[in-house]
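Let me begin by presenting the structure, written as structure tokens, before commenting on it.
In this document, chain identifiers A, B, C, D, E and F correspond to the written order of the chains, with residue numbering beginning at 1 in each.
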Amino acid sequence: MKRKHLYEMTWQEAEKAIESSKGVAIIPVGSIEQHGPHLPVGTDSFVAIGLADAALEQTDVLVCPPLWLGYCPHHMVLPGSISIRPEILIGLAYDVMKSLHTHGVDKFIFINGHRIVNIIWLQLAAEKAQNELGVKVKIFDPAYMSKELIEATEGMGPVGHAEEIESSHMMVLHPELTHMELAEDHPVKATELYSVDPGYPKDTLCYVPTACSEAAKHVAETKGVSGCPTKSNKEFGQKYHDYLTARLLQVIEALRSE
Amino acid sequence: MKRKHLYEMTWQEAEKAIESSKGVAIIPVGSIEQHGPHLPVGTDSFVAIGLADAALEQTDVLVCPPLWLGYCPHHMVLPGSISIRPEILIGLAYDVMKSLHTHGVDKFIFINGHRIVNIIWLQLAAEKAQNELGVKVKIFDPAYMSKELIEATEGMGPVGHAEEIESSHMMVLHPELTHMELAEDHPVKATELYSVDPGYPKDTLCYVPTACSEAAKHVAETKGVSGCPTKSNKEFGQKYHDYLTARLLQVIEALRSE
Amino acid sequence: MKRKHLYEMTWQEAEKAIESSKGVAIIPVGSIEQHGPHLPVGTDSFVAIGLADAALEQTDVLVCPPLWLGYCPHHMVLPGSISIRPEILIGLAYDVMKSLHTHGVDKFIFINGHRIVNIIWLQLAAEKAQNELGVKVKIFDPAYMSKELIEATEGMGPVGHAEEIESSHMMVLHPELTHMELAEDHPVKATELYSVDPGYPKDTLCYVPTACSEAAKHVAETKGVSGCPTKSNKEFGQKYHDYLTARLLQVIEALRSE
Amino acid sequence: MKRKHLYEMTWQEAEKAIESSKGVAIIPVGSIEQHGPHLPVGTDSFVAIGLADAALEQTDVLVCPPLWLGYCPHHMVLPGSISIRPEILIGLAYDVMKSLHTHGVDKFIFINGHRIVNIIWLQLAAEKAQNELGVKVKIFDPAYMSKELIEATEGMGPVGHAEEIESSHMMVLHPELTHMELAEDHPVKATELYSVDPGYPKDTLCYVPTACSEAAKHVAETKGVSGCPTKSNKEFGQKYHDYLTARLLQVIEALRSE
Amino acid sequence: MKRKHLYEMTWQEAEKAIESSKGVAIIPVGSIEQHGPHLPVGTDSFVAIGLADAALEQTDVLVCPPLWLGYCPHHMVLPGSISIRPEILIGLAYDVMKSLHTHGVDKFIFINGHRIVNIIWLQLAAEKAQNELGVKVKIFDPAYMSKELIEATEGMGPVGHAEEIESSHMMVLHPELTHMELAEDHPVKATELYSVDPGYPKDTLCYVPTACSEAAKHVAETKGVSGCPTKSNKEFGQKYHDYLTARLLQVIEALRSE
Amino acid sequence: MKRKHLYEMTWQEAEKAIESSKGVAIIPVGSIEQHGPHLPVGTDSFVAIGLADAALEQTDVLVCPPLWLGYCPHHMVLPGSISIRPEILIGLAYDVMKSLHTHGVDKFIFINGHRIVNIIWLQLAAEKAQNELGVKVKIFDPAYMSKELIEATEGMGPVGHAEEIESSHMMVLHPELTHMELAEDHPVKATELYSVDPGYPKDTLCYVPTACSEAAKHVAETKGVSGCPTKSNKEFGQKYHDYLTARLLQVIEALRSE
């Protein structure tokens, strides 16, 4: 029998599911933001949901409703993007944890499909919850959890935006929403002393979201792409998805055994 | 061709969709909260999503990602319920409107599946957006938009919680998650000078969410039900759904013509 | 001997009054906002104060200083109106309850003379106080507490603004401030799927305060009146006042017996 | 013809009153707090209201509804005291100014009957309003505005709490609420390097409201009095009232001529 | 052996220093703001730091890192001035006290080099800490702690800005940053019913920071000076410094003995 | 002639310094937190200040007063640590930038001596300032700016806490506060799927500050050290300092030329 998402359960089913999850819950977090001409604006959320669903198929874990919306001030220059203030997102994530904690959940994994920008507010929500509620919080981000795989794979990376890595993943998760025929390559530009790739081995300034005025110039040239999505392929997408799912299960099992 | 939800569109599709919607967007809002032994905790969100989807089938309107989570302090006594502070929800709804307004959306319909409790914060978010952003905001709530139908229907109502009205609706929207065999009747208790039914014709104090301590006593008797879900039937559910969909389309068309 | 308002008592008198009130306090809440050419801007506050005073004549209840100011963004287009942000009013009402709770008051009745707009923030203040302080809070609003009387009375209603109901009431409470010779009728306009009357039996969107830009157009035609104040009469005003006073005493006595 | 308070005016009267006031408005601010066995808890508000009323008798100035409630954490140890957080009071005072500013009021005088403790938040509200709204704000406090008179008067002062100065004033303003037969003397205790008297000529630490735990010890001995109220007399009360009224008119006229 | 500042200690040294301080800590607070043509913008902070250092030479007290930045909206018209919102400064001061309180510090002395404007927010931080953390807080301000000395000294005062009192003090604390050759006299202007001098014996309105628009006019004439800095002299500066240091040690010893 | 820090300048000097800096300012940011038995609690602030001073020796840049205090909830278990809430620090950093922006500064470099934990709130302050004030903000963190050097250096790293990298640096910056004789080695523990080292090449969960309860266990074993400070040496410290200074100058010059 297929495991259910929390929102599909009655409260009596939820009670049992929390027990069999050993108090471990996943909260998928994404963003609604431009992803170039070939990927849907919901890409980051689909990635987080896709990984949560993959875990749910294989183990007892509570999967909470996704937080579809994230913090993306740097993408507001293109239609369809929605950015939420980080203090609101911190409050939202905190209240979810606080609510579920009253029902016995005490270990949370945020799967973040939106990479570096959401990580900022997730860290603050996590610290607050750990110290005020006494729960454990892990932030699982595909870009940070696949450094070894990307390093070992020819032609994938660096991490950019709507590039070959997330495009390949979307070919697996939502082929019907992935329009590879519209993909355009705009290779990640080398900037002195700066990179958003989590595996970047050289000296770097720390990440700050691009200001709107800068972003406007950038998208005028690139239609919102940083990277080479035409290199995407379903085979790598499946490998990447399986790799991340395995990593996620590893984190879940570690929390279940505590 | 089926119309897409915003999250399924590329930014270029979103640009066109906003134009053909004439600036009208729907934001489905629900809650994750106990709904008795027979309905899923996501019921209120499913109701809002179900009506948004029905509208999307029939007209050009932008459908935003659902806000799955609402304000339900009075339901926190049963597992699976998640309550978010109203000031956080106001910030969230406001930021969605502010973001979409930069892309040309200027008329918003919140479909609220959670009835009276979410209305409170939606009113504050709506006022703020109307006066600060210059947009128009409508709050469409099934319980308020079906007063005439319920009045004219034998054996349905009053509005309670997990009662025959929303149970019938869920039999249509999500029969696979609706467990009528587990439904129990706990008729809405008459309280002097108080009712949560929007059509209540008698003198009443204004709504205040039940305090947790009171709610705990109540659910111990009722398992979270106020009403008679065993009276539910799919036929009424369909009629109710169609009635509300027609009302929703009426509101959308009025906004499209402004 | 006449009972005193809290502000007239010494702290030793307050101590005794709290005891004899059995912990029940009234907080009158109003608004300073335009009320057409014939009523003072303090009308809503006078209504709340008038009912509190009537109760104080008949029973032991603690009457707190009035909150003269409310939330009325939709009336800011005419001189003399003062609107306070709802988050400030929530804080104010909460701190009053928190303070009095330290002295033994644990049941609060807000009498709201400003109808639907203040109810929004009162609900949030009430929920917060109930769950955080462990007190009981009732919101007593004349428009909701006289539905039966208005229904049974020819020629009164629907609820609008500065209409025949509150004008009749003011003829009794403050005839010296009620200028019936200046009253003008501007009947409540029927709007499709919308009404602010609490007894409205038909389908309706939920209340959202009119945006300033809309309100400006409206008052240009109506001088701020929605309804037919020329129908007002002192006889009905007295009946209405007595009816509401009786309802209020009923609520007080129920709380005193808990 | 007697001039009206704002709350007694129709909006058309308010419009004219704002014009004839030359944009000058008074906002009386007080506190509800213990004032020993002989004075009512509303004393500070009565003082502010009494001075505003005296000014209104003599000149065209807009008198706003009183802010009955203030910041008095140090008085919460005795029944009837109500303390509001300063951030809430700042918001309240600011919104009053912002609202009236839209109607043409641009000079505000806060009459503060609560002395040093309210001054703190009034200063912050004043600075914000001056820089954000472009208005002028004066804080008129009887204790600071009568230093010369008190200095010249044998047997009055220093400023304490419920002492001979405010008791004499209340004998004039509200003799029916002033119970001199219950007055007890508890002379202001000399504290090294500390005084709350605004005319204190010696070195002093700055004012900090007494912590509740300290205040509890203090009132156990003094019933809330710091000073010698038995020295009070109506003659001085009247002189003090007239002196302050003259000072207030001086401030109003200066603002009217700007 | 010279006593260290907190920031120079290892945590093991800090542990011992807190013990030998008997729980008494100093927090120097200043401002970065224009001080005329002859004094550095850090003057207020240098004053606070200078007094803290003088105390540290003579007794066991914990000296915390200085809060260099204060609230000075009225000085923003000249380059180099930095003003922080009072709510931020309250949070900062509160968190310092809360943190140190977890390590055993329970008595705090804020030395405020910025006079009346910082006092406002320090009072709010102090009240909050006293009631929420159970600590004792004193606010030590040179201008209030030297009233007797200034009164007894010919040719010094009144308190203005960059005047002869603080200029003399800076000649002792930081002669290398004090450019007496550039000093200009702009005597404090008498304003009817207003003064910022803490020893002002006449009737006065309460302090409100000058609005920027007013301040701009003022500095155009005065280059930011209120007073007669050419009267400054090192001899008085040293006397003033020693006097204040003695006062400070008196406060510290009183707290140490509690 | 030695260049001055902002706090040492008169406003006229500040005016000139801003001009010659071409609008580029440095804000040193640190933390007061335990650094093992051998380093002072001010280490992170000393590092930031030390690099700012080094730059000031070599180029025209405005150096602001240091923000001595940071966000370090995970170090509160040892005496002397002070942690400020991130929302307060964001407000503080923002107000500094807003203030200086009114004087013509439009490019900011935060030098962060506290590594990963301060970066979180600095990113939020930076984004807000970039989009709301229109300034440019760079976050310069030694741990991220020396990845290449550390990679190339035998026996240094990984980044831990009070380890050989920052100990070597402190041997150069503040030998008088660096007690190498007390240094103890507690090598960074390998944790599966987790590291705080910015050059960590393997898959990792994202950083979350250790909860206090965990931290308490950790310091009981390690006295607050993660790493091998006995490997420290002054020679490497100097090399590291020079390397970072060069990197910093590179960033400053790039901003000066924009």
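Points to keep in mind about this one:
In this section, a residue touches a chain if its C-beta (ideal position, glycine included) is under 8 Å from a C-beta of that chain, and two chains touch if they have at least 3 such contacts.
Bear in mind that the values here come from a model prediction, so they are computed numbers and not experimental data.
Path length between chain C and chain F in the touching-chain graph (shortest route): 3.
Here the repeat of C-D among A-F, A-B or D-E is A-B, since over half of its contact pairs match by residue number. Set against the C-alpha centre of chain C, every other chain centre is closer than that of F. Two chain pairs, D-E and E-F, are compared here, and E-F has more C-beta pairs in contact (counted per touch definition above). Averaging C-alpha coordinates per chain places the centre of chain B 29 Å away from that of chain C. Residues of chain C found to touch two or more other chains are 87.
If the chains shown are joined wherever they touch, the resulting network closes on itself as one ring, and no chain has more or fewer than two partners. If you walk the ring beginning with chain A and heading to chain F next, you pass the chains as A, F, E, D, C, B. Of all the residues in chain A, the ones that touch chain B in their complex are 5-15, 18, 32, 34-42, 45-46, 64-66, 68-69, 76, 78-85, 87-88, 91-92, 95-96, 99-100, 102-104, 177, 179, 182, 224. Of all residues in chain D, those touching chain E in their complex are 73, 86-87, 112, 119-124, 126-127, 130-131, 134, 136-141, 144-149, 151, 192-193, 199, 201-209, 211-213, 247, 250-251, 254.
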